[in-house]
Each structure stands twice: as C-alpha cells, then as structure tokens.
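Some structures are shown below for you to check.
Two complexes, one shared chain (subunit A), two partners (subunit B, subunit C).
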Partner chain A sequence: MSAAMLALHRVGIRPRMRGRELVLLLVVAIALTTGWASLQSFRSSQLEVGDAWLLATYLGALAAIHLGFVITGRRMDQILFPASALLGGLSVLIMHRLPQDLAVQSIAGRVLELGPLQLLWVLLGFGVMAATAILVRSDGWLRRYKYTWAALGIVLLLLVFLFGEVTGGARLTLTIGPISGQPSELLKVILVVFLAGYLAENRWLLATSSTSVGPFKLPPLPYLLPMLAMWGLALAIVIVQRDLGAALLYFLVFLSLLYVATRRASYVVLGLLLFVAGGAVLYQLFPHVQDRINVWINPFVDPQGSGYQIIRALYAYGRGGILGTGLGAGLPQVGAVPSIPAIHTDFIFAALAEEMGMLGALAILGLYVVIAERGFRIAATAADDFRALLATGLTLVVVVQAAIICGGNLRVVPLTGITLPLISYGGSSLLVNGAVIGLLLALSDRAVEPPPPGARAGVARRLGQRVRRAGGKFEEAIS
Partner chain B sequence: MSLTGARLAGPLRRLRSGLRPRMNVPQALPSIPVPGARVAPPHIASSLLRLALALVVGYSALATGLAYWQVVEAQRLTADPLNPLVISAARQAPRGSIYDRSGVVLARNLSSGGAERLREYPYVVAAPVVGYRSSVFGTAGLERTYDAQLTGLVSLRPGDELLRKFRDQPYNPSDLYLSLDIELQEAAAAALGDQHGAVVAIEPGTGRVLALVSSPTFNPNRIVARQGGRRYMNTLRERDDSPLLNRATQGLYVPGSVFKIVTAIAGLGSGAISPQTTYENQPDEYQTGFLVEGFRVRDFPRRVQRDHPLDFYEATEVSSNIWFAHAGLDVGAENLVSWAQRLGFGDRIPFELPTSPSQVTNGDGPLAGFRDRVELANAAYGQAEALVTPLQMALVAGTIANDGLLMHPKLVDELRASDGSVSRLAPQAWLQVLPAGQAGVIGDAMQLAVEGRYGREFAGAAKVPGVPTAGKSGTAELGGDAAPHSWFIGYAPADAPQIAIAVIVEGGGAGAQRAVPMGGQLMSRYLDSIR
Partner chain C sequence: MDVFTLGLWALRIAFVVLIYVFFVFVARALWQDLRAGVAGAGRPLARLHVIGAPEGRPSPGTSIPLDAVNSLGRDVNNSIVVDDSFVSAEHALLTFRGRAWYVEDRGSTNGTWLNGQRVEGLLPLGYGDEIQVGQVRMRLERARQE
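Moving on to the complex of A and B:
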C-alpha cells in the first residue's frame, strides 16, 4: 500500500475501484472522440482531430469525477454516470457544431460563444452532480422538511409570477442580481421531494381506504386536498407562466408517484380525467394553448407561420434518414439563419436526429431508458418508502421531461417548450439535472445514512440540532 | 423528531388519530384494523414495474415517431420544395434539363451564371407545363414537382439515399423527358393567339399529355432574370387576366354541351338510358320548351330531324338540350354525380401539375347535392353549377377514345440521372369507367356529331381530312350579355385514336366559331406529324 493510500486510510477514506464505470467511461470517451473527429474532418475535408480542447477538457472532467468517486470509496451505481456523461458529451459536440452566435455571453471579462459556454454549463452541472453524490450522506434534510420545501417552491413560483421575464411567450426567467435562471427546473425537484415525503407518510391510508363517488374510488377526502392543490398548481403554471411543458411534466410525475405509492388505477384515471377537463377549459380560454394543439394536429395549415418550427424539424428528420447526414454534414443553418428556431434548446433532438440519423436518435432515447432503468432499480432496492419514492420521482423528472420534449419534436404529442435534460443548452437545466443525477447516485449508495440520523458528537451536532429545531418549528408552523 | 399524530393539524390529525396510534416510521406499520380496508398497501417495488412498463410504451411511441419521419416519410420530406436542403443542393450541383418527346430542350442552365446558374427556357409557350425555378420566387410547374429529382436530392436507385453521405458528390441530378410535343404546343398556342383559353391534348391509350396550353401565360425567362424579375412578377400578379393561373388544369369553366358526354356515360353506364331511348314529347317540346318545375329547357333553333323523337345518336348529333335534360332526370342526381366521380370529378385529378376539382353541382342541395330537379336538368346539358377544367374534359374524350378505360394523365416519360441510371414512368390505368361496347356507342354518336348529315353543319369543321373524326362542340352560356365560351372535345382517328383533345376559348362564341375548327386543325397537324 502506497503512502498516499495510507494517508487516506488515516482520515477514514477507503478508495474503492469502480471497474464497470471505468470501462463504460472509456467507451464514452471513444464514442465522443470519434464524433469529434468526424465533425472536424467534415469541416476540413480531411481526416483530423483538430483543436480538441473542448473535448479534452470534457474528458478530463469525466476522469476527475471518476477519480473522485474512486478515492472517496463510494459504492454507488456505476452506470448512471457514464450514461449521463455520454449525453453531456453529445451536448458539447452538437453545441460546438451549431452556429456559435446562437448564445453569446460574457463571463468574467471573456466572451464565450455557444460551444464553450455549453461546456462551462455542462462542467458545472457535472460538478454539482459529483458534489451531491459525494457529499450527501444523509437524506434527513430532504425527508424532514417537506412542507418547508413545498413553501419554498410556492415562493419561487410567486417570485416568477411577480418578477419573471417573458422569454419566447413564456414567463420563465428570474433574475436576481447577476444570476438569472429558470426556477421551473428547480421547482420540479422540490416537487418530487415534497411528494415523496407526503406520499411516504400517507400512502398506507391512500392505498387502503377511500370514498366512493359513483364508479370512482377517491382518496379519503382530507387527502384529496393536496392532490387538487397539485392539479391547481399545474393549471396555475400554464396560466401564469404559460409554461405548458412544465405543467405537463409536474402533472405526469405527480400521477406516476401517486400510482407507485398506492397502486390505485382509479386515482390515475381520475387524474387523467381532471387533466382532460383542465386541458379542455384551457383550450377554450387561452389562444396560445389552442395554437399549440392546432399546430400539432396540422402544422401545414400555416407553414410559414405557426407551423414553421415543427415543419422545419420534420424536414431535418427527413434529411437525416436512417444513418443521418453525419456530424457536421447536416443543415442546422441556411446561410446564417438557423433552420429550426430554438434549435439549441427546444429542438436539439431534431438537430441530433438529423446528423446522427434514426439510429443515433434511438441511441439517445436508449440512454434515457438506461437512466430510467438504473433509477427504478435504485428505487426498488431502497431502504424505505421515502427513498424509493424520491428515487422514482427524481428518475421521472429526467426521463419524462425527455419524453415530453422529444415527443413534441417528433409531433407525437403537442410541442411544449422544455429542455432536453443533459443535452439542451441552458444553465438552469444542466445544474438541476446534474443535481438530480447526483442525488440518485447518493441514494444508490447503501452507506448513505438511513433515518433517523444517529447521534453525532461535538459542535457539529449542537449546530445541527439548533438548525433542525428551528427548521422543525417552521415546519410545524406551516403544516 | 418524528411526526406523530398529535402534531398534525386539522382534519388530518382527527382522521389519523382515529385510525392509528402514534407511529414513528411510516414503513413500520403495525397491522391495525381500518374500516373499509381489506389489503395492506403494496410494496413500492412491485408498482414500479408497471410504471416502467408505461415508460417503455411511451418511449416506444417516440421510437415509432422517429422511424415514421426518418424512414417512411423521409423521401417526401427531403423532396419538399420548402426544405432548405433543396435550396442548398441547388447551389452545389448543376440542375437537370427538361426535354420534350423528341429531345428538344425546354429548360436548361445558362452556361454562364456563377455558382447558382440561371435557368433558360427556349419555349415560352411551354411555361404552363415547365414552370420556372427562380432563386427569388422558388419554383412552379414541373420545375417544382420534380425539384428534388432535378437537383439530384432524390436518387433514382432505391436505397441510394442511405449511401449518399459516403460519396464525394452527394447529388445526382436527373434530366426530365416529357411526352409533350413542343410543335403541337406551339401550334395550339398560336391558334389561341391573344384570346384567353386552354388546350389539352393527350394520347388516349396512355394518358400521356401531348400539349397543355394556357393563354395568357408568362415568360419564365423574365421571372428568373436577375434584372427586373421582381418587377415583372409584380405586374404578372396584378394583371386582371391572371397569367400565372394554369387554365388548362386549374381553370374552372361552364362546360355547356361538351358535358353531355358525361351525362351519356352516366346514363348508359347506369342503364338509365339506352342508345334507342326516345322521349315522346321531345319533338313538341322543341317548339315549346321542356317544362321542368316551372323552368323551360330550350333548344337552339337549328336544322334537326322533326318527324320523329330523337334517339341517343340523333340527340348527340344535333346536341339536343331537351333530350339530355330528360336523360339527366332519368339518370338521377346520385347516378350523375357518382358516374362523374368515376371520371375524376369532385376531386383534384392526380397529376404532375396542380389541378382543381371539377364539379357537377355545388353540392349543397338536398338532391345528392343538387338544389332541385331544375338544376339537375340544366346540369345534364352542361349549364347550372357544372364547372370543369379543360384537363378533365380531355380525360372524358380520352376515356371514350380508349374504349372506356380512363388513363392517369402524365407528362414525364423518363428520368435520366447523371450517373446513367434511368427511371421510366409507365402509363397507368386509372379506371375502366364503362364497358368498351358502351364507350363505342358514345364514340359513334360523337362521330355523327362531326360527320353526320345534321351534325357536320355545326361541328364539321373539326373533321380531320381523310380521317374518321369524333367530337362534341359546346357553347357555354354565362348569362347576361357575356359572349359564351366556345368548347370542343374530340379525338381522331375515330377507329384507332391517336389523339384526344379539349379546347376552350373564353368568350369565343358558339363552339362552331372558334373551338371546333381549332380542335380539327390541331388533331390534323398532329396526325400528319406522326405519320
């Protein structure tokens, strides 16, 4: 044993090899390098790798994170990280390939264009993921303060309502000082934490007793309230933020968790009926909802207007075909104009499907399915209900969101503007989804402390107790 | 710091405390009798499986969507003229040329013209067929329909698209070889002269279009010109006589008596009339008019057989409105509409140029679309709300000429790609509209209309010298003081048809005045040229 290892042992850290993760990361590195070479070769018409600092930085970061997991000796899932890393890497590649002026931001005196900017966000996102995975050693802080989290979520929503800026027809962006972000991304995690806490505590009752209304078995009336509140929240998001995608995501995640917690199909049917009813009312009242639906049903009615974006995406699929045009050989821009509006955010899946073809796009969908499989596995083997529901919810916010936006891109469902997790351009989305994957990793580690927390010694304990006491009072007050 | 029943507020607490005692950890539930509860909550892992199943279904739907757009619909999407790839490809490969049936160039690239070469159109009269390709105004005509083949986006070899990305030159432009006879096209345009109207000539046995003229038309060379193209396009768009409208395929005209052939097809086909059908009162009604629910159907005064009721042949020869009004009422609204549909009425005719649907009636009345029997009687001889395109009427003539078999009309015979591959577009039968025998009866009647003792006084000018000729003239009354449209449909030789034709001259007066002699001349000229 080397001296370094001995030193680590002395501070209570026992490194542990993560062989499967290493092998998979090597596969990811090979795939991304091949993609990079293909891209550069197409640009210069000869086989070359070119100036690969973007790729090198990304692969270096992956290695560092892997090393971090190894050194700290975490016994976490070994597939989630490589799967996410491939998605993040594809994101860096495609952003490097798209017109660079789609997003330009000046950070610390340096002007960054789309490619480097996205690399920065991806690295920060994976940094958050690694930090969460390594540092979170207890789930008490999530479990205990569910109403506090819910209150925080509502405050966020109110802030957006009051101070949000409208981008692309939706009120999404919140700017506080130098930081601006899209709170709806954060809200989805808060929602999952609250629902996991609430359902873990009440699922026994929700599953075993009910009030009958006609053919439907409703939850006991007092328990119906939070659900109606949930439904109202989704509606409010549509009305206030005009953010159909987020509303759809929240509602689907809510219904799924409710089903997992109770296995009562009648709740799901009821929820879907409410959804249809709400949707019908919104359709009548709001022109932007009508537009979305009408464009979905037939975009060719107004090919130069409302149908333009989706028709351009369909053209991109056609150009790609089965094998794709090859990275760099597609037509994401005509002259200086992007061929699909919002190609780097809402329509990144179409851009990837054009250049990587149906096979590549299927592989991307497959990666989300892998994430789902790992997430559900973590949930199924979780120590208790809260963790199981939390892991399920966290998995769902990633894979359901991916399904909603890909479905919108493919005209399988009406288009709603949300990001493709881990791929779309955008800081909020990458940071939050990084945290989600990080939490899943932490939950997969059997060493993470199960509740209730054991006693700890010293200052930390007393401080912790004081914070917990204050938190508990707040919690009590608002519940 | 566990949650206990005592700490829960409001209704939750009451319910909870009524049901179970203090509990610390939710999963460590003691089995307590609960009113109405029969089963304990299932383990989460087992419901996860069903959720996973739902997710798999969702993702399968996405995969299906991908396959649909990237495999099933890929070619159609790639070839769509609005696809930016079409624009991009145009900059990279020289566009294919367009030739007529004997190899005369109808469209080609100017030899000098920079990276994106200008198009040149040696024959302005072919504009309604060939259209134009402009970097400013996009494409029209065959230049639009076959844009993907002309630019080489769509390969003629199946499966070639898969391999395109591995080639140095990804595009493989094709030349188009048309069935169009540019000499006939020029002759037809010259015959129309300054008058508005259209001529469509087809080969009845194949449906190949020999001439398709629309007047007035535009000069595609001036549209694609870098200098003044925009100004020229603006004047075209503003002109009242709509030179950009292809009258041959999209112009909707009152058909007048040429529609009687459609009524005859419906009558004989449905069995409502026979060649021997006569209407007892018809000779009297020739004087007084035929009264249908208060409306009097009249015949033009002309020399006709007065001594006996007309049969089908005689009625067609002298173009009796009264006889066909009777026949139309016998055929009935539903039969007339459905038999016309067999000929292509009621829908856009599938063709390589945009078409408008022809109609027998507006379709909003209670009588299978007709308002009443008056409209039906009038439609039966081509008035009322009947509206047809010249292409549709050429197909009607072609169907009779081709023993009742309707062929799909087509313009392009062959595509030849730059890599040497050739794709032939074979003629396609559309529908056996009626049996050959019945088509022969109508054909005989049409021959009488041109060559018979009474018929030739009116439509004799359509006769091709030395060749048996069949035809039907028409005078489309427009109401008011407007001069009627002059119509002719016909084919020749009547015993072995080589050409079927439809001619309309707007405001050309009675059929005999303009359309009939034009039809005769053009058929004669064409038959001379192929002999």
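Moving on to the complex of A and C:
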C-alpha cells in the first residue's frame, strides 16, 4: 500500500475500484470520439478529429467524476453513470453540430454559443449529480419533511402562475433577479418526494379498501383527497400554464406510483377515466388543446402553419432512413431558418434520428431503457418502502418524460413541449435531471444510513394524522 | 469510391455500432448479476425456528427456510402457513430488505408481537429475536452455513 493510500485511510477515506464503470466509460469515450471524428471529417472533407476541446473537456469531466466516486469509495450502481454520460455526450455532440446561433448567451462577459453553452450546462448538471451522489448519506431530510416539500412545490407553482413569463405559448419561465429557470422541472422531483413519503406511510390503508362505488373499490374518502388534488393540479397546470407536457408527466408518474404502492389496477382505471374526462372537457374549452390533437391526427391539414413542425420532423426521419445521413450531413436549416422549429429543445430527438438513423434512434431509446432497468433494480433492492417508492418515482420521472417527448416527436402521441432528459438544450432540465440521477446513485449506495426503525411520530406526521382525523369526521358528518 | 468517402462511411457506422457495443457491455454486467443471483438462490436467507405452537401446526422444533419476502397467515396462499385459531388469514409480513430483516403486521385481529411488544408499522429485527403470531412463537435464526 502506498503512502498516499495510507494517508487517505487515516482520514477515513477508503478508495474502492469501480471496474465496471471504468470499462463502460471507456466505451463511451471511444464512441463519442468516433462520432466527433465523423462530424469533423464531414465538415472539413478530410479524415480528421479536428479541434476537439469541447469533447476533451467533457471526457475530462467524466474521468474526474469517476475518480471522485473511486476516491470516496462509494459502493453505488456502476451502470447508471456511464449510461447518463453517453446521453450527455450525444447532447454535446449534437449541439456542436446544430447552427450555433440557436441559443446565444453572454456569461461573465464572454459570449457563448449553443455548443459551449450546452457543454457548460451539461457539466453543471453532472456536477450536481456527482455532488448529490457523494454527499447525500441519509434520506431523512426528504423523508421527514414531505409536507414541507409539498408546500414548497405549491408555492413554486403559484409563483409561476402569477409571475411566469410566456415562452412558446406556455407560461413556464420564472425570473428572480439574475436567475431565470423553469420551475416545472424542479416541481416534478418535489412531487415524487412527496408522493413517496405519503404513499409509504398510507400504503396499507390505500391497498385495503373499505368503500365501493359501482364496480370500483375505493379507500376511505380522506385518503382519496390527495388523488383528487393531484388531478386538480394537473388540470390547473394545463389551464393556467398551458403546459400540457408537464401535466401529462405529473399525472402518469402519479398513477404509476400509486399502482406500484398498492398493486391495485382499479386506481389506474379510475385515474385514466378521470384523465379522459378531464381531457375531453379541456378539448371542448381550450383551442390550444384542440390544436395539439388535430395536428397529431393529421398534420397535413395545415402544412405551413400548425402542422409545419411535425411534418418537417417526419421528413427528417425519412431522410435519415435506417443508417442515418451521418453527423453533419442532415438538413437542420433551410437558408438561415432551422428546418424544424425548436430543434435544439423539443425536437432534438428528430435531429439525432435524422443523422444517426433508425438504429441510432433506437439506441437512444435503449439508453433510457438501461436507466429504467437500473432505477427499478435500485428500487427493488431498497431497504424500505419510502426508498423503493422514491427510486421508482425518480426513474419514472426521467423515462416517462423521455417517452412522452419521443412519442410526440414520432407522432405516436400528441406533441407536448417538454425536454428530452439529459439531451435537450436547457439549464433547468439538465440541472434537475442531474440531481435525479445523483439521488438514484445515492439510493443505490449500500453504505448509506439505514432507514429509521418503524414510523417516526414527527411533527409532519402528527399534522397529517390531525388532517386525516378531521377528514374522517367530515366523512362521518356527510354519510 | 475514394478513401475519404469510405472512411467517412466507416466512421459514421462505427459511431452507431459503438453505442451498441455499450449495450453489449451493459448486458454482460446484467448477465453476471443474474448469475450471481442464481448461484445464491438455492440457499435460504435465514430460518424461522418454531419454539412453541399449542395447536401443533407448524409443529414445534421445525425450522422454516425464508425467502426475501415471506407472508405469514392462516390462508393457504401464504408462503408460511400458520394454522392457528388466533391467526388471521393474512397476518404478517417478514421481509429482507437491503441488509436487514423487517416485520410488519397486515392488519391482523390479534396482532403480531416482536419480543413481547406489539408490532406497529415496520420494525427491524435481528437474529435471535422472537416473533409471535396468534399462539405461535418463532425465532429468527441465521441460515446454516454449508
């Protein structure tokens, strides 16, 4: 053992090799370098790697994070990080390839264009991921204050309702001083934390029914209220924020978690019925919902207007074919106009599918499947209900979002504007998804603090009991 | 076909193929995990030693092997059927999660008891602890090393 190792041991740090992760990261590095070479060679018409500082910085950061995990000796999942790293690398690559003036921002006196700007956000996102994975050693701060988190989420939502700025027809962006961001990204994590806490505590009660309405067996009314509140929240987001994607994501994640916690299909059926009913009413009342559905059913009715974006994307898949046009050889813009509006955010999947072909697109979907597999495995081996539900929820937030936007891009489901996790351009999305992956890694660590024995009678729990007691009285009064 | 066109084509195909190579490595890791899981599958995680059962089902002195999830109760669909007149159909759940054993009551009429204390919520238990469902007393023991 070397002197450096001994010194580390003395301060309580025991490095631990992460062989599997290292091998996978090497494959990621080779794949990304090949992609970069293919792009640069196409641009300069000679076989070369070219000036690769963007890629080199990214790979350097990956190596640093891996080293950080090794030195701190964390026994975490070894596949989740390389899979995320490959997605992040594809993001850096495709942003470098797209027209650089799609997003320009000046930070600290330097003007950054799309490629470097995205690299900065990806690095910050992965920084958050590594920090979360290494520093989170206990889940008490999430477990104990679930009602506080829920309150925070509602405050965040109200702030957006009141002060949000409208971008692309949806009220999404919140600006506080110099910082602007999209709180709906953060809200999805807060929602999962709250639901995991609530369901872990009331799982048995929700799973053993007592009242029945028609063919459905339902839990007592007070336990049903959060479900209805959730449904109302999704509707409110659609009406006030015009953010169909976020509403769909929240509701799907909520229903899935409810099913995972209770194993009762009747809740899912009921939830879907509520969803269809709500959707039908919204379709009648709001023209922007009608637009989305009509464009989905037949975009060619208005090819130069509302159908333009999706038709362009369909053409792009056609140009790409099975093997793709190759990086750089696609058609991202006609003259100075991007051929697909919002190609760097909502339609990044179309850009990748055009240049990497169907095989590349399937590979990207496969990476999300890998993330899902790891996430659900972490959930299955979790030490208690809260952790299992939290890991399930965090995994669902990432992969359901990917499914919604990829499905929208491919015209499988109506298009709703949300980001493709870890790939789309955008700071809020990358930071939050980084934190989600980081939390999953922390939950997979076999050396984290074991869960507290039994249920704790904390302030929040007592408050919850009081609310439930009041709800119970209310039910007695009306029955 | 000149060298450049061929080289560019090769690079472009190699890029997509390498992502699939990544999947091959992931699949290999999964396969190894799976094999490790199968290798340890024949061995029970722990045993439940029956100390006392006045009605004789299960008979005292037997040692029941445990899986990761064990349901206890009088119903025949439980993984451990405890046929005692004071036991509910779905009585209790004994689970191995992460590194520890946990016991929880499934809303039974007469309750589940851990070392003489009534189980409420999820309680961790160690080897040597005593569980009582109905009139049946059982002790959690390590799986014997072969």
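Side notes on the structure shown:
Heads up, the rule we're going with is that the second predicted complex is superposed on the first by the 451 of 479 C-alpha atoms of A that agree within 3 Å, B and C clash if a C-alpha of one lies under 4 Å from a C-alpha of the other, contacts with A are read in each partner's own complex, and residues count from 1 in each chain.
Keep in mind that, in the parts below, a contact is a pair of C-beta atoms (placed from the backbone, for glycine too) under 8 Å apart; a residue touches a chain by one contact, two chains touch by 3 or more.
Remember, it's a predicted structure, so these values are computed and weren't measured experimentally.
In the superposed pair of complexes, A:384 makes contact with subunit B and with subunit C alike. Shared-chain residue A:27: touches subunit C; no touch with subunit B. Once the two complexes are laid over each other on the shared chain, residue contacts for A:204 go to subunit B and to subunit C alike. Contact with both subunit B and subunit C is seen for A:323 once the two complexes are overlaid on the shared chain. Taking subunit A as the reference, the larger set of touched residues comes from B, when subunit B and subunit C are compared.
In the superposition on chain A, A:392 makes contact with subunit B only, not with subunit C.
Of the two partner chains, neither subunit B nor subunit C is touched by A:291. When the two complexes are overlaid on their common chain A, residue A:302 makes contact with neither subunit B nor subunit C.
Of the two partner chains, subunit C is the only one touched by A:363; subunit B is not. Contacts of subunit A with subunit B, set against its contacts with subunit C after fitting on chain A, overlap at residues 204, 208, 323-324, 326, 357, 373, 381-382, 384-385.
Residues of subunit C that touch subunit A in their complex: 3-4, 7-9, 11-16, 18-23, 25-26, 29-30, 97-100, 102, 106-107, 120-124.
Remark: subunit A residues 144, 200-201, 203-210, 220-222, 256, 259-263, 303, 311-312, 314-315, 317-326, 329, 331, 334, 339, 353, 357-358, 361-362, 365, 368-369, 372-373, 376, 379-382, 384-386, 388-389, 392, 399-400, 403, 406-407, 410-412, 451-452, 468, 472, 476, 479 touch subunit B in the complex.
Only residues 20, 23-24, 27-28, 30-31, 34-35, 37-38, 41-42, 45-47, 78-79, 82-83, 86, 204, 208, 323-324, 326-327, 356-357, 359-360, 363, 366-367, 370, 373, 381-385, 446, 450, 453-455 of subunit A touch subunit C when the two sit together in their complex.
Of all residues in subunit B, those touching subunit A in their complex are 1-3, 7-12, 15-16, 19, 25-27, 29, 34-42, 44-48, 50-52, 54-56, 58-59, 61-67, 69-71, 73-78, 80, 82-85, 87-88, 161-162, 165.
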